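Chain naming follows the written order as A, B, C and D, and within any one chain the residues start at number 1.
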Amino acid sequence: MLDLIWLLPTFPLLGFLVLVLTAGKLPKPIVALIGAGSVGASFLLAALIAFQFANGGEDHYVREVWTWMAVGDFRSGFSFYLDGLSMVMMLIITGIGFLIHLYATGYMADDPGYSRFFSYMNLFVAAMLMLVLGDNLVLLYLGWEGVGLCSYLLIGFWYTNPENGYAARKAFVVTRVGDTSMAIGLFLLFAQLGTLNIQDMLSAAETEWAVGSGFAIAASLLLLGGAVGKSAQLPLQTWLPDAMAGPTPISALIHAATMVTAGVYLIARTHVLFELAPDVQMLVAWIGLITLLMAGFTALTQSDIKRVLAYSTVSQIGYMFLGLGVGAWSAAIFHLMTHAFFKALLFLASGTVILSLHHEQDIFKMGNLRKKLPVSFLSFLIGSLALTAFPFTSGYFSKDEILLGALALEGVGTWLWLGGVLGAFFTGIYTFRLFFLVFFGESRGHEPDKEVGGWHMNGPLYLLMVGALLAGFLHLPLEAVFNHGEAFEEHHVSALVHGFMIASPLIGIGVSYLFYMSGSLSVAGLMGNPLSRLLHRFWHSGWGMDWLYDRLFVFPFLWLARINRADLIDRCYGVLVELSRAGNELLVRTQTGYLRWYALSVVGGLVLIVSLGVLL
Amino acid sequence: MILVALIAILFVGGLLAWASERINPALPKYLALLTILLDLLLMTQLLQAEPDGAWLALIDVEWLPRFGIGFFLAADGLSTLLLLLTGFLGLMAIGSAWEEIKERSGFFYFNLLWTLAGVLGVFTALDLFLFFFFWEVMLIPMYFIIAIWGHENKNYAAMKFFIFTQVTGMLMLISILVLAYFHYVQFGAFSFDYRDLLNVSTSGRLEFWVMLGFFIGFTTKLPSVPFHSWLPDAHSQAPTAGSVILAGVLLKTGAYGLIRFAVPLFPEASLAFAPVAMALAAFSILYCAKVAFAQTDIKRLIAYTSVSHMGFVTLGVYAWNEQALQGAVMTMLAHGLSAAALFMLAGGLQYRIHTRNMPDMGGFWPRVPRMATVAVFFSIAALGMPGLGNFIGEFLALLGAFKANIPFTVLATCGVIFAAVYSLWVIQKVFHGEFRNEGFEESSLADLNRREMVYFAAMMIGLVWMGMYPQSFLDLSAGSLNNLLAGTQELLALAQE
Amino acid sequence: MITLFYLAGAIAIISTVAVIVQTNIVHALIYLILSLLAVAVIFYVLGAPFAAMLEAIVYAGAIMVLFLFVIMMLNLGQHTIDQERSWLSLRGWIAPTIMAGLLLTNFLYVMDGIDHGVEPTRVGVLEVSVLLFGPYVLAVELASILLLAGLVAAYHLAKKRD
Amino acid sequence: MESIPYEHGLILASILFSLGLIGVLTRRNIVFVLMSLEIMLNASGLAFIVAAARWGHAEGQIMFLMILTLAAAEVAVGLGLIIQMYRRFQTVDINVLSEMKG
């Protein structure tokens, strides 16, 4: 069964090819069957493979399908690598991917681009599987770029609106900046270590590079650049909120559950490099912490339901980075998995809400929807609880592990932990702000006729609810992958610390309750003074990062492009042309047409030559 | 012998096509198609040929023995790859001209086939005199193609193309003559034979200038900044088939020249010059990507992207190690297909709506879904998506170049960001957004027909093949590139002693 | 003899100056004939009687008569003298005179230092003829072709076309 | 017999040549121009004769003969042209013939 691993990406790829080649001529049920069915088949296969692998007792499994490139001492195979980490990832991708595909068959039912949508989705799943299963960095890069492409195509899925196109291009270009850094990292690794096969490369790095060596720092920094781009961390986080322009299942699949966590996967996969460069690893932690706090503040001020969730995604990935940074590798991956469940759940539920309200996304135009939309209400309740790390939901376990990992670190660990706890407090506020505003209080505007649904939309929701509640009890087989350096298990933590960690999101929920449910505290009151209004505007715009980048990069580039539209170098040749033309003008003057003038010139020349001959 | 046949068939086919116009104006295109197919068939023979030393096929006849000029044609793996590319794109060019060229079709196909014959000659000639002869042969018919069947500003563009290539060709001729004279000084006889000239020891300051003659000649054809400015004009004015040949094949002769002649003949000077060349390449990539983004004429835009992509070739060649060279070769092949396809798309658009101005376009996707899908495919190929040929080329070129020069490679790598910016911008302007109609017949905006789909499908399959299983191409060129590498290393080692 | 040489030289120079400053074209022609005859005298003095004869017959005779005919055909009367006067502004003389002066200076500079007397030895018709129809016969043929061409061209050009 | 200074003969030729040149450059009447040309040709002929006398050779006279032929042919063609010109433009002013200006 294991050697069928190459079929995993092949199924969705075939689905993609069939859907593209038929160019939307197939009837919708068949499109749905191919689109969702191919991912479902992959999931079944993945489950079987995982089962066999888990019982096989081997650390890892490699299967090379064919040689991709072999040039001189460079060699890269089209080969798959299976270990605990990629097994977890592949199950998340196919499993949650399948649920989202199923949901999308209902969600997109009325869209004219039905077939196009599923072809992109299938291509995405195929590329994502290549990303996590590739045994060398080039193959990983193939998947990495492939998911970026699908993300672009799907964000701009409704292409008639130029804003969607802008968001799509922004997403692609910003992540491309990160990708480029990663590509340079690949070149550096190959130039220094002579291989891009991940396992060989890591063991070579361990033997050849000392801890803290320059190469290790450079390589891990460059890879980190790729990771922050894909995972929307500082300083490349600005694309993700705009990416919500795509259909909601896309936001769930690509921009919450799978693609944006690719950066986390990359760092976890190459964690040996980061361990060789402790400073960079610490940087990862700080990036995570700062991002999670910034995104938390921003989420507080958003009014678009999907943007709130988008910022919360950025924030949660910040937690994963924090976990990676402090060396709690398994905890980060664990959080990746639980996050996939509850964030997919939240996005899909928000999709149901949006569709029921005929594409209304402003939470201040919703309200009191809990009776009208019971399934969404339940989904949101469970999802929000998991997101805020309510005790014994899945988010609780994973976030707990990350924070404990941070605390275990000597020195700055306490600060990181404190920041994380503070973040959890904000998570509580913004999550339940959304929850209360949408499902409680007065109805503000839209009244849904009925909740859209059906088994293929509600089924995935229920399954994800179960996942969001119970995934925390799963045990991920990651010991073999991160077998070194997870010593914090033994660390003793006092009950007080635990109390803090449980209490902070609860306090957050309480604050949110006071503001948005009971009304004992009023937002309007807070907004009274100019400073808070200013802060609100600042946070609402995502800390002015877009504004800053526009001025730092976009406008100068556009300006340069505009002034040099005609190509300066071409103009230089134009000068040459003008010069010869001017010379021509000058010589034309001498052509007077008067015979005596010509005779005079001849004599002048004669005199000159004779004089020269005589004098010299 | 097979090489002579390949070239002669094109020459004769061109003459026949010209003559046949008198019988029936539709006849030349069928004759041209037949000629190209015959040539392609012969080329497959070349693939099965038993290698004779380093060469798959070779013919060496005395021509003007007094001056050491021979009729010396030879093909190794590298040449064969490029010959196949030429044949394939010749086929594509005839396909794209099929409906577009209605006036004086006989003379058109004559010029087309003669250009191709010149290109085949350039890819196989190993006598430098003969090489220069073919270099000129491919130039003049191309001038006619632009000047006669071009668009509104054709005379300017054709003249610019001609002057640029002719002047720099002259520099190359001077270098060739100087080289032959060196041979005379050192061995007592003139020789234009590539194998002899490799042995000419050309050290000292003069070597640099002679090398520069070759370098400028080839980089103008490539082209690289600052000799690129003929290309946007030539492309925007040329008929579609002309653009296909120009972008797909003619530019590659420059790259081929760098690999075959410029570096191996002057290993020391090239080694010293490499940082400058790589800097030029990196600048070329970034600068032209930026200028491309600013264009409103879709063909000009694609032309600038061509310059930008050819920068990777220069970078790869001057890194001069196996990965980088293979990357350069793969880039040549993949760019040949992707740029030709993009020009065919732009030409198809112009044929339909009679404008190349992008602000007049928009929202074409629902009207021409097949064309849009094809356009997205080739744009993505051009921006270097892994899994397609261009990625393999650029990746290997950069991978190799990184070993040779880190700063310029890093700069060049940043070029792929800009590649994404302009590629996606084109898609946005033409196919996405609200439908815009600025003064063209809506009914004329028809989707790709079956004939066009066949051509595009062939190129798409080619690119996927290159992207997913590049080994079939890499294996073919590996032998010749390793020979070249070994040769220069030997010379360098000798020079160091 | 030497006095004759200087005398003829002076006449040649003076009459030539008169040619180029004359406004009446017929007078100018007569001065030109005078100048040519003076040169013919010089030829004779220098011992070249054959050349002197030709100078007198062909130049001063035939060619000048040709000029005269043309002047008559063009019928350039009194009004041309006024026209001629208006054309000859003082300014027009400056540049040509400077140029010619420079050229002359050059010539004189080159000739400076040549100091050699010429003993006029008579080189008669016989010697010239022997050479002419001996080694230089090709030159004679060329000259005849040239004259023929001149004849045809002159005829063709001067023919009236309607 | 006293010898004639060789130098003086050449100086005479130079002066005549220069005078002819002034005439060519100054006069606007084309007949005068042609006459001045004759003077210049004659001056060069004189130079040949002087040189011939200096060496006592006959070749100088042969060269003079050639120049004479040339002058005759030139005058014939030139005068034909003048007649043509006068027929077309009704003038002998060479400044009228300036159509070939750039």
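Operating definition for what follows: a contact is a pair of C-beta atoms (placed from the backbone, for glycine too) under 8 Å apart; a residue touches a chain by one contact, two chains touch by 3 or more.
For clarity, every value in this text was computed on a predicted model and none was experimentally measured.
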Subject >> Contact-richer chain pair (by C-beta pairs counted) among A-B and A-D >> reply: A-B
Original post:
Between chain A and chain B, what is the gap in Å from one C-alpha centre to the other?
Top reply: 38
**OP:** Could you give the separation in Å between the centres of chain B and chain C, each centre being the mean of its C-alpha atoms?
**Re:** 70
**OP:** For chain B and chain D, let me know how many angstrom lie between their CA-based centres, rounded off.
**Re:** 64
**OP:** Mind checking the centre-to-centre distance between chain A and chain D? Centres are C-alpha means, answer in whole Å.
**Re:** 95
Original post:
When you check chain D against every other chain, which residues touch at least two of them?
Top reply: 21, 24-26, 28
Subject >> Contacts with 2+ other chains: residues of chain C >> reply: 95-96, 99-100, 103
Original post:
Residue numbers in chain B touching 2 or more other chains?
Top reply: none
**OP:** Just say which it is for the chain contacts: an open line, a closed ring, a star, complete, or other.
**Re:** other
Subject >> Chains that touch, pairwise >> reply: A-B, A-C, A-D, C-D
Original post:
For chain B, which residues count as touching chain A in their complex?
Top reply: 225-226, 228-229, 232, 287, 290-291, 293-295, 304, 321-323, 326, 363, 365, 369-370, 373, 376, 380, 385-387, 391-392, 395-396, 398-399, 402-403, 409-410, 413-414, 416-417, 420-421, 424-425, 428, 431-434, 468-471, 474, 478
Original post:
For chain C, which residues are in contact with chain A within the complex?
Top reply: 95-96, 99-100, 102-103, 106, 109-110
Original post:
What does chain A use to touch chain D in their complex?
Top reply: 587-596, 599-600, 603
Subject >> chain C to chain D touching residues, read off their complex >> reply: 1-2, 5-6, 9, 12-13, 16-17, 19-20, 25, 28-29, 32, 35-36, 39, 42-43, 45-48, 50-51, 54-55, 58-59, 62-63, 66-67, 70-71, 73-74, 76, 80, 84, 87-88, 92-93, 95-97, 99-101, 103-104, 107-108, 111, 114-121, 123, 127-128, 130-132, 136, 139, 143, 146-147, 149-151, 153-158, 160
Original post:
In the complex formed with chain C, which residues of chain A make contact?
Top reply: 600, 603-604, 606-607, 610-611, 614
